[in-house]
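Here subunit A shows up in two complexes: once beside subunit B, once beside subunit C.
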Partner chain A sequence: MLGRVMEEASTARPLVEVEDLRVHFPVYRGTVLKRKAAVVRAVDGVSFAIARGETLGLVGESGCGKSTTGRALMRLVPVTSGNIRFDGEDLLSLRGEVLRRKRRHFQMIFQDPYGSLDPRMTVFDIVAEPLLAHGMGGPDLRDRVQSMLERCGMNPRYIRRYPHEFSGGQRQRVAIARALILEPSFVVCDEPVSALDVSIRAQVLNLLVELQRDLGLTYLFIAHDLAAVRHVSDRIAVMYLGRIVELSPAAEIYRRPAHPYTQALISAVPIPDPRAEADRQRIVLEGDVPSPLAPPRGCRFHPRCPRFASLGAVQKARCREEEPLLRVLGDGRQVACHHVD
Partner chain B sequence: MIRFVLRRILGIFPILLVVFTFSFVLMRVAPGGPFDAEKPVPPEVKRNLELRYRMREPWCEARFLPALQGVRSPDEERALRRASPWASRAERVCTGLFQYGWMLGNYVRGDFGPSYKYKDRSVNEFIRAGMPVTLQLGLLAVTFALGIGLVAGLVAAVYQNRWPDHLAMIAALLGISVPNFVLGPVLILVFSLGLLWFPPARWESLSHVFLPGLTLGSAYAAYVARLTRGGMLEVVRQDFIRTARAKGLPERLVILRHALRGGLLPVVSYLGPAMAALFTGSIVVERIFNVPGMGRYFVDAAINRDITLAMAVVVVNAVFLLVANLVVDVVLGILDPRVRYE
Partner chain C sequence: MSELLLQVRNLHVHYPVDGGVSRAVDGVSLDVRRGETLAVVGESGSGKSQTMYGVLGLVPRPPGRVFGDGAYFEGEDLLRASERRLRGIRGNRIAMIFQDPMTALNPFLTVERQLTEVLEVHKGLRRKEARNLAIEMLAKVGIPDPERRIDQYPHQFSGGMRQRVMIAMALLCRPSLLVADEPTTALDVTIQAQILELLRATRREMDGSIILITHDLGVVAGNADRIAVMYAGRVVEKGPSREIFESPLHPYTRGLLASVPRLDAEQKAPLVPIPGQPPDPSRLPSGCPFRPRCPAATARCAQEYPPTRSAGPEREVACWVA
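== the complex of A and B ==
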């Protein structure tokens, strides 16, 4: 199941292993007599592994399940089935106080720095609270909070201020300090820059890369925009409707996208050169993403697939009937499509 | 913060002046006077009463309607006024201005003047007698409202759409819908006449305060419960609650430290006017439990056309409302740094 790259690259065990992860949300109908009317298959059979010190990018459209995957890894949403191993330990079997204590080893940086910080707490309280919650306070608490903030590019003089007094970029720095002060080994970055001004995105991305290098962090880096993850990721997984359709080294996915969906995504990235941009061939997908309440049978992408139309009748039938699994191509790329060689 | 509070305290006085002026004008404009009795008093007596209580100003009469001074009967006065309407109006306005100045001067000195109805007592005496009772009752009612309401709302929010929530919200619906004049007698029946736990009426010891306090506070407790639940549910959906859980905070702290502080904001906003209403008395509860509080004076004063007493009650109510709202604004500032001033 795991990629060949992984097997070759690391003799040690990956830090995070995800196997056939499913997160389904029930939808209830009726006000008095509640009954389960349907299930949203937000994440529907996702497998990957992340090596120590690696950054795995996770991209896909809104609603494809990438944030839910991240939250499931953090044990913030109930997992329907599957396996998550963190540092060899079965994460899904933990609960209550044991889980709470374990949380300091895996942390999450949320997308919206306006909503994810308690508006009624000072920066100091926000950053110090995780330490206190894990009994890691002490006489040098203030110094540790200040040095963490400084490391994240915040002026430590501001620790008595409230989140609303800062810009989005500064708040995200506070959020990063909040997540990293526990010295976690694994961090899920859930679109950490998409709520920020374009002008400061690069700063925050560079900060994250720098911190990863200095602290030896392992990242799952979620984004809806391929350009943002390209420079920070070692490998990139592309999600569509709750499943991974392609998982390849970052450079490869750009140069030779294998899955038709990845090709469409790549073709949508503008090129910062007017002449090349004018020649850019865009693959425009038809229609909307199908509802995760009732994903299409067979290959989930086939109703929108640009390659589907050019296939023969037998091949089309296969797309409609048989769900493609992630296959390892010769060069370390993994792709879930019947018609890629 | 201190400057804000000082500025707000200074701002109370102009508002009080407006309230005072407005209620004074309304009282003067309203038909009928405190000395219009069903069985008329002799005109001389009535005239002397009106002079004593500044309903009549000799200087104004001499200036605008000199003929009035020799008049003996109400019919004569009415005829005279009808004969020269403009002079009559001018005389009334003049008298009104005199009375306004006189009353305002008294108010500034903290003197609400004599009661027009109970001629041997001043309005201050009424307030001094009724206010402590009303304050005690109100304080207990607020305690009930917060104690019961906050806990019920918190439990309802934590167990949203499960049976504790449904139970609390049904109780809240009852608390809001059952009027005081039903709840009071029911409580008396059960706890006084049935279980013999509390006295049914009068105002003597702490146990006398319990039932009226509960009756008065129940509707407020119900509102507080609903507001707490609503406020909490709104906050619990926000991102920083997920952050708090991801931090590894125990669930108890997630609720108490992060969710409750934000969820309390609507409750605090509501408590300002609610406390003002509770501290100015309730006629219904006072009647049922025979409590000698402020509420009945308000109604009696209006019925008796007792101008000074009615105005004093209005102004005291306004003071309570303004102070309560000031306290609320300060507490909101403490709870939510984003609404802090300056």
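== the complex of A and C ==
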């Protein structure tokens, strides 16, 4: 099954294609005479593609635009410019009822299983609702809800209970069942395990991997936990201040990160092994992430870049003036840095 | 090196709940040596923070109840100390930093006011002297331009900078024990690296001890000399950091280590999750509270809580099977 999916992935058109995506949020000042005071460039020129059956990991620190990217793909935030093609179709041109009907093919799993489930609905109603909303009820509704819950590791006996009766891990299973009941082909997982207890995270990560294999799903897996992302992803995109700075196969990103920011990020992730920790070279970045209201000119990372200091005057000027584009290195890695060969 | 700074013996922190008792801490014993970092590791609800709240007199009483055989800090039993005495110790001999500095810093006061107050209350310094010391400390914890920033309010600082302010405040009185409760959990990973680096430097300089409370095994690995693993209000395993990671004895510790994805692991090597979920501390199962999730449980585990026993020169474990 997996082999077939992979084969298809290499020949067929990607399921999701994103081209120069920009999501800018205006910031208003004043209450009566509102005027635009500034623009938050949450996502500022992002391009990538996700093959069928693939998991693309999206990592970065708070405010880098990773969640906004996921929401834009779900058509949950207004897109400023760019293109999103889903299964070859121009997603941004869809409106109204056509868009609503299309939604069952792409679904989202959120971080907070406490906030994403309606506390007044039973588990059954929560999982059945999307089917009913899309007019896909039918006489076998109960069976389908039960078997999806079972598939997600929930005992179908609990079908008449309410979300507050469950732990975080179980609620996340309900949220996953709800997202998958419409048999979507593409799922955005936005920090799906960050709110869960350490001993529960592996259960949910394993479940997501299993469901992908069995149902042929395509994932965009958004998280700040690089170790979890690397565990589930085929390729990983690293974002910084609204742009992708590196996009590489997951196996490569730890072994030989190309972008100076990726290198710093990797070196900052603690490894649960004292010997491994003692042997590591740490790159501790100075300062904080600049505001996406006013990203630095040129390369957005240059004010914090550990490599910048050792560059010559001409090279430095280039970092200050010219925004580096994502370019392909010989070995399938893509990096947006003027000074990586 | 072996001199004990803090000795906690059989500590309990209980809260009444409908028709019963929630045993947040259920008989914890810990030692902290001078100059070491002890990591207390556990999931939410394991009692790791409540243990320190109990020791420091921070459990609201009533409804909470704190009792035990003692919590000796530099020879003095804090469980039997007066509130007045505890106030003289907290923030002075024992300082604390929390996950969210915004809840610990007063949003209505400038950083200067908050830092100098510590020195005026505990050391009887005058405002001017205190201000100079505070500026010096802010510079030491890596806050740029401290003469100007000291007059700002907490909301004018970023998350990482606020945590630095908290650390500066904690270190002002030169405490011999720093309790860091999830100090980097709310921070991004590159900022976490900065703060952990600062804590390591701090410990070298202050020549005191640190209790690092965390759920993050990665943070523990690079920063602790010894580890106490907590589960359901008890310490299930204790020992030197390297030994715990290399040869964990308790099935819970083993399970935890096998279930965490590692950045340096073989890709897609399957994670082995711990089944089930942690118990409700007001409805603990009989015998060992980990038993319902334990792959090695026997009939005996359902009957009696396993006593803590020695398992090597520096190791202790509470398990019938290990």
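We adopt the following convention: the second predicted complex is superposed on the first by the 332 of 341 C-alpha atoms of A that agree within 3 Å, B and C clash if a C-alpha of one lies under 4 Å from a C-alpha of the other, contacts with A are read in each partner's own complex, and residues count from 1 in each chain.
One rule holds in what follows: contacts are C-beta pairs under 8 Å (C-beta built on N, C-alpha and C of every residue); 3 or more make two chains touch, one makes a residue touch a chain.
Because the structure is predicted, anything quoted here is derived from the model rather than measured.
In the model built by aligning both structures on subunit A, subunit B fits alongside subunit C without clashing.
In the superposed model, A:Arg120 lies in contact with subunit B only, and not with subunit C.
Seen from the CA centre of subunit A, the centres of subunit B and subunit C span an angle of about 70°, rounded to a multiple of 10.
In the superposition on chain A, A:Glu19 makes contact with neither subunit B nor subunit C.
Using the contact criterion defined above for the overlaid structures, shared-chain residue A:Glu183 touches neither subunit B nor subunit C, since it reaches no partner. Comparing subunit B with subunit C, the partner in contact with more residues of subunit A is C. Contact with subunit C, but none with subunit B, is seen for A:Glu61 once the two complexes are overlaid on the shared chain. Once the two complexes are laid over each other on the shared chain, residue contacts for A:Leu265 go to subunit C alone; subunit B is not touched. When both complexes are overlaid on chain A, the residue A:Asp87 reaches neither subunit B nor subunit C. Shared-chain residue A:Ser199: touches subunit C; no touch with subunit B. The superposed three-chain arrangement places the nearest Cα atoms of subunit B and subunit C 11 Å from each other. In the complex of the two chains, the subunit B residues touching subunit A come out as 238-240, 242-250, 253, 258, 261-262, 335-338.
Contact residues on subunit A toward subunit B in their complex (touch as defined above): 71, 74, 76, 100-101, 103-104, 107-108, 110, 112, 115-120, 129-130, 133-134, 162, 164, 175, 178, 182. The part of subunit C that touches subunit A in the complex is made up of residues 43-44, 158, 160-161, 188-194, 196-197, 215-222, 241-242, 245-246, 255-257, 259-265, 267-268, 270-275, 277-278. Within the complex formed with subunit C, the subunit A residues making contact are 61-62, 167, 169-170, 197-203, 205-206, 209, 224-228, 230-232, 250-251, 254, 264-278, 282, 284-285, 288-289.
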